[in-house]
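Next, two complexes with subunit A in common: one pairs it with subunit B, the other with subunit C.
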Partner chain A sequence: MKMILLTLLMSSAWGQTGIEIAKMVDEKPTPRDMVNTTNMVLTNSKGKTRTNVMMSRSIDGNKKQIIWFLEPKDDRGVAFLKIEHNNKDDEMRMWLPAFKKVRRISSKRKGDAFMGSDLSYEDLTSRDLNEYTYKRLDDELVNSTQCFVLESKPNTSAKSSYSKHISWIDKENLNIVKEYSFDKRGALKKEKYFQHNKLKDYYVMNQIRVKDVQKQHTTEVTFESLEVDTGINPALFQEKNLKRIPKN
Partner chain B sequence: MNRIESKYSDHPIRSWIISQSLNRPKRTLLSSLIFTLILASGLRFFIIDDDMLKMMPEDLPSRVSWDNIQEEFGSTEVIFIAFGHEGRDVFTPKALAQMWDLSEALEASTWVDEVTSISTSTRMDSYDGFMEIDDLQLNRDLSTDEVDAILKYLNKNERIKKQLMTQDGDYLVAIVQPFDSIEMVGFVAEVKSIADNLLKNYDVHYGGQAYFTGIMPPLIREDVIGLMATGMFIMITILLLNLRNGTAVTMVVTVIMLSLAAMMGFMGWMAHLTGSGKFLFTLANTSMPIILLTIANSDGVHVMTKFFKEFRVYKDKRQAVASTMDSLLIPIFLTSITTVAAFLAMTTSPLEPLIGYGITISAGILIAWILSSTLLPSLIILRSWDHNAKAFLTKSFFEKMIDKLGKVVLTHPKYVFSSGLLLVLIGLFGLSKVSVDVDMSKFFKKGSELRESMDFLSEKMNGTIDLRVRLVGDMKDPLTLLNMLRLQKELERYPQVRTSYSIANVVEQMHRTVMDDDPAYEKIPESREKINNLFTMYSMSGDPDDFSSMIDYDYNIGLVTAFSTNLSTQETLNIVESTQKFMKGIFSKATLIDFTGMIVITRDLITMLINSTIVSIIFSLIIIGIIASIFFKRILWGVLAVIPLTSAILINFGFMGYFGIELSHVTAILSSIIIGVGVDFAVHYIAQFRRLSRTIQKNELSRDVVDDVGYPIILDAASNMGFGALLFSAFVPIQYIGGLMVFAMVSTSLGTLTVLAALAELLKEKLIEREIQ
Partner chain C sequence: MKILLFISILSGLTGQLNYSGELNPYVMNRTSDRSQINLPYRLLSLDLGYTLGNWDLKTNSAIEYRNQPSESVFDLREIYLAYFPEWGEVKIGKQIHAWGSADGNNPIDNLNPYDYYYLFEPGVGKKLGTWSFSTKIYYRNYQIEGVITPKYEANRYPYGEKDYPISRPVKPEIEYPVKDQLELGFRVQTTLGESDLGFSVFKGNDRAPSLATLKYFPKNDNQPDSEEQIIPQLGYRTTTVWGLDFVTFMGNFTIRGEGAIFKTQSPLLQLNLFKIPINLYELHHEIVYSQYVFQVEYITASGFTIMGQILGNNVSNQQYDWFHTLSNELITFGPPEFQPGMGTPFAIFSDQSFLLSSSGTLMNGRLELKGATMMNIGKKGNMFSASAAYSPWENWNVEVATTLFSGDKDDPENTFGKMEDFSHTRVGLYYNF
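Up next is the complex of A and B:
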């Protein structure tokens, strides 16, 4: 039924405006919860790499997420809990096993890198449609895939660290396949490439590649052992659960 | 005279060279011009660059470390901008808004990699178990309370405060870092233009190594052009006064200008073909055009005055030119190669620009010799001369003066020799007072804008001269971090070292923040795990790039940075030596330590300068002695040729000691110049002594030699007063070179006509006997 609806939407999408395309993407069905093992490889301009392996559980489209660090060995046991709020600052807590303390951390600087990667908190947070101005550009083919090309410019209320994004959206499944983000000066800052897998009725992201073209730093995130709608208990997202890595 | 059979000299090569000017003057002129033009076309590749680092040998340990640091931590050459008003509190909303605008404008520039200022820095706070990393200045426009909050934070974090404002709190500071491998002239021009435009209502001061590297080339260019004009003016005036013939002066000036163009073009070609930093035109090269100007002039003056003398006798220009060139081809060649030998001794220097200097000026000297031996006689032949002109009939002021001098010297040779010896002894005593200093700030006159800025930043800020210690080891190991702190403490023990920082300071600050801002925890945690947790936590809430100037990507290489005010040579040596000893004592052998920064590089430069100056003096004196011995077929002549030079060098360095003129990479070339230029006088004297000894009675010999070569030597020395142009340089060491060279010209020329003449007179029995044999 959903596929029929989507096809109907697609057939009427040829004349869509920028905001309408953004709404369609925003309203795409998402899983109730998600479990994965995240493998993140960071590579700097000199070719040096750092690899992190984490176990992640999330619900509400990633609005609540808990992460346990598995690798490198030095970081094993460190855990991170994030709860996004609509009307107040997000809550972020971290378990520091060597100190045996949970510490709250701030996310005030939206442009700051998440775990030293090329993904900032802003990149990881879903965009509020009201805080952006959208403009549809000419459609393009990306790797033989017909794509909408959408320009999103943040309003001042968004307090964004970017001046605009240009996103290539697969017309068939509304997945973003590629995105260019520009800094405040208008210069290209990041190139992002996304890959999706179909799991149950959802298109779920299984790989992200980001290149900070100014720093010549890249991040490749691969989501392995992906499971959706597993019935995660919302009570998991509490401080006390940071202290122990789940067995699976 | 049959052209083919004509013989202008006993020697076939000499005869052939002379015949080219006499019989084919136009062809010789054209060939010389084409030759010059080909060389001068290299001017398009000519580069002015005064990066102090490029002077050092690429395999010098401190330079290798420096390059490694640039590679791992980005450019450490920065510009410091300080703005405010003397004695007035700069911590106001208005000044901070100005800093915000400045930082934004600089960051928007494509030349700028990073700006460190209050507006771009972060703060780390602990609120009720909450670690917050946020911008130190949240907005452009701040309330007084917000400004006070920033000041409060800075007062709590003295190390950060020391970097971002002056000690008295009357100037704010921005540190601007360029992208790697960019052209510094453009970078400095861009930064200055942005800052000058935005900070019109403030006193603005600039400093830092990048600033000097960028500001010097335009200053050097301006200086060289000014010096050349002044030098030419002085030289032409002296030539006109003495030769009293405009055409003759124009001919000499033509030789000089063509030699100069060809030499500068040669330098361009060498830079282009070799790609070597040796052939970049640096501050040390500023004196080079003036020196060639005087050497080329010297060749021209000798040819022209001899021609005048011969023309007076023969009243036929062909015969006069033939006789002139026959007697001068060898001495000019000999003076040229001995001068070349003196300058080539500079290639023994480990300093790159001095090697390039030696090679380039040697090429210039050889070009001047070729042009003086071919183009100049051709020009003389092509011109008609009036033998009734005043210039040919009457003696000039200098000629009359030489007559008098000759009488004095030859009447009292022992007295003259003893006076010379006394001067040398006085010089020897002053030698011990010579100090070495390469402090860039002293290169500018006191009171000049640049000097004021440098002194201001050195005194009021917390130093702009860096010292860097690169440590390879486990940067999460508490012991490594503790040792880094101990090293910082040791460095800060010196009052000149105003501040230092490393990742260890950040770890201390993070520890305190995590422990609810308890000052008792502002220390290195006791376990590696805790340190690792702190780094991981920071990466979750702050940008790990914040540490990029202190630690590498793998946490295996750390950098301790310290800044000092301007240091004297002795202070530099003390700090470097004792810090090296201290480090050996605290760090295990497993920790690799590299020690660099401008302080260490300056120490290396000082050591190299002393060594290279001594080596080049000894080397050039020996070579010149050998060349003179071979050409004059007697070792005694070789010894006598270097005596006036050795005396002049001793007197020169002695005077440097008495007048507090420091030996630097700029003044280090003095010895080569003195030897190179001064040797000409001795060569001319000896050549003439030998020539005349074959025909003239020994009682008259010295008198006739002084009479014959005295005038050209004094005229040569007088026209070399073009060196005096260097006194008008914008750079203090170049002014010193100017002053000392004027003095050296007087001492070497008079030394030749007095000390050498007196010695030759004393030893004439032996010398003449040998000649006859």
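Up next is the complex of A and C:
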């Protein structure tokens, strides 16, 4: 019986189109909210590093996120609020303690680097399923893991800074394990590697390694003290809370 | 015993102590003859706070240090209690407020006086904290803010500082200190589509003194040596400011702007009828002027921010009457000189100017470069500044900077020209903790 079920599953997986795989990934259960301390290590082509430490809270699959910067010390207190909207541009605001101002920043330039890292604001934003066209490529094995290989091309409505992404998706748990992103000219721009942890009923990303192959610069982001479904109040995601670093 | 009890209460609380600060020794030397510019600066800044539930106690203090002679002063710049309920925020204490959308120059931001020793500091470093009560309500797309300042504070000016060209030789005597010290501010901000729009009103007293009365001593015909003498006496005008500010996005450009209309007038002087000198003449001055800032910014592919800003001020209506205080008889004295007593401090440099600046980082964020130039439109005069800050180790920075002024040799009143001798290089060290 188990064998029949497995065969059925295998055959249905084999027959899945790109959009169907994207939908499966999109519909994967995600935590209602997430809390973590983020360590971001930037390494340049000469091997010199710089470390940023941040505290993050998010809900709705990262559609609302607030980040407080803890290190380096001269950035301590700076905070970032992102609210994604379906029918209009996202809202992004930064609290700059030295200016005592919440500064609204443009979300149109999605390709701009986030705090000097190899991650752009676009990389931190969830992709709207309807704003991409998908094509399934031949399956591949990545570190002994059977993966779907999915090509995603942004439509003009996505206002993306990329021309396409190729993602390697673990067939077993639908986690993205690797992704290549290409610039507007079609040249490889970034290589991204992901690691996940199982926490409660979810697979949660606990590490991203991004290499900008054009700049020979890498960023490694590690999510520590990860907690999910903590019951974050949605009212947290407003400007006034940028001004207060929450208790560790 | 009491101390032990206090400590045990504090340790029993589940609050959090926060601190951060900066140590920043530096030296400034004139570009003309390499001599040292000897002005006080903030050697050490410390932000110390305690958070307990929805309550914060925040302080911001500094050690102000002067190299020659070596002297230091402790300055408690802010100390306030903040409460953050679900609907907004409430703050009470000595605090610095910040209004406006533009960077660096904010005509609508008049809640705090300025410290002219720190005129070229970024952010709130150039402001003085005042005792005030403020509340901000967040309701749907709206932010509604009210500020009440019961105790008036004027700008801090450098007096008798030979190294600061726009310094006055002696602190002028203020004959008419502010009587009605209460100041009120109100601001509402909303999000319309992809833009933020703010409207504000502020009613208070000028931060800079201006002419209020004068004592007139005519020439005594019986004494051949005597001369006509006029002694000006200073006070502070009352001013109401209506402001509008916005931020919006057009393609890859961010546009920020703000404008303010100031209605300022001589205050009603409360004089003792029996002590009014017979030779006292009073000025009733009423001026309507405006200031505006329009800013466009763009971030390049390499992450450098380029910002262009046009700022200007314009007097649209000015009326004045001189009258003899005792008799109320109108007198035909000449028009008084007008200087704005509020608004962006850079209005003292020019009626209209263009500011272009750029900043960005290289070497994995270790090297921060900044450059800016301010050009006087329609008249001669400009300011240029550039800085490079390198971080050899985490939390340490070495900064080399220069600021150059160039004025109009034919115009001794040109403020850029007055500042020429202030052109300098600065070498400093930063340690953040």
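Definition applied: the second predicted complex is superposed on the first by the 237 of 248 C-alpha atoms of A that agree within 3 Å, B and C clash if a C-alpha of one lies under 4 Å from a C-alpha of the other, contacts with A are read in each partner's own complex, and residues count from 1 in each chain.
Just so it is clear, a contact is a pair of C-beta atoms (placed from the backbone, for glycine too) under 8 Å apart; a residue touches a chain by one contact, two chains touch by 3 or more.
All figures in this text were calculated on a predicted structure; none of them were measured in a lab.
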Discussion item. Please determine, from the superposition on subunit A, whether subunit B and subunit C clash or fit.
Written reply: clash
Worksheet item: After lining up the shared chain so the two structures overlap, which partner does A:88 touch, if you call subunit B first and subunit C second: first, second, both or neither?
Response: second
Discussion item. Looking at A:96, would you say it contacts subunit B, subunit C, both, or neither? Reply first, second, both or neither.
Written reply: both
Item to complete: Name the contact category of A:55: first (subunit B only), second (subunit C only), both, or neither.
Response: neither
Worksheet item: Is A:80 touching the first partner subunit B, the second partner subunit C, both, or neither of them?
Response: first
Item to complete: Pick one for A:114: touches subunit B only (first), subunit C only (second), both, or neither.
Response: first
Discussion item. In the superposed model, which partner reaches more residues of subunit A, subunit B or subunit C?
Written reply: C
Worksheet item: Touching A:69, do we find subunit B (first), subunit C (second), both, or neither?
Response: first
Practice prompt. Go through the superposed model and pick first if A:44 touches only subunit B, second if only subunit C, both, or neither.
Written response: both
Worksheet item: Just subunit B (first), just subunit C (second), both, or neither: which does A:185 touch?
Response: first
Discussion item. Which partner chains sit in contact with A:105 here, subunit B, subunit C, both or neither? Use first/second/both/neither.
Written reply: both
Practice prompt. Of the listed stretches 343-351, 505-513 or 757-765, mark the one in subunit B with C-alpha atoms clashing against subunit C.
Written response: 505-513
Worksheet entry | subunit B and subunit C footprints on subunit A, overlapping residues | 44, 48, 50, 74, 96-99, 101, 104-109, 112-113, 116
Worksheet, complete the sentence: Counting only contacts in the complex, subunit A reaches subunit B at residues 44, 46, 48, 50, 69, 74-75, 78, 80, 92, 94, 96-99, 101-109, 112-116, 185, 215
Discussion item. Per the contact definition, I'd like the list of subunit A residues that touch subunit C in the complex.
Written reply: 42-44, 48-51, 71-74, 76-77, 88-89, 91, 96-101, 104-109, 111-113, 116, 217, 235, 238-241, 243-245, 247-248
Worksheet item: Which residues of subunit C touch subunit A in the complex?
Response: 16, 18, 20, 22, 47, 51, 56, 84, 86, 88-89, 96-98, 100, 103, 122-125, 136, 138, 143, 191, 193-194, 196, 247, 249, 251-252, 254, 299, 301, 303, 361, 363-366, 394-395, 397, 430, 432-433
Worksheet item: Which bits of subunit B are touching subunit A when the two form their complex?
Response: 71, 108, 122, 129-135, 476, 514, 525, 527-530, 532-534, 536-537, 539-545, 553-554
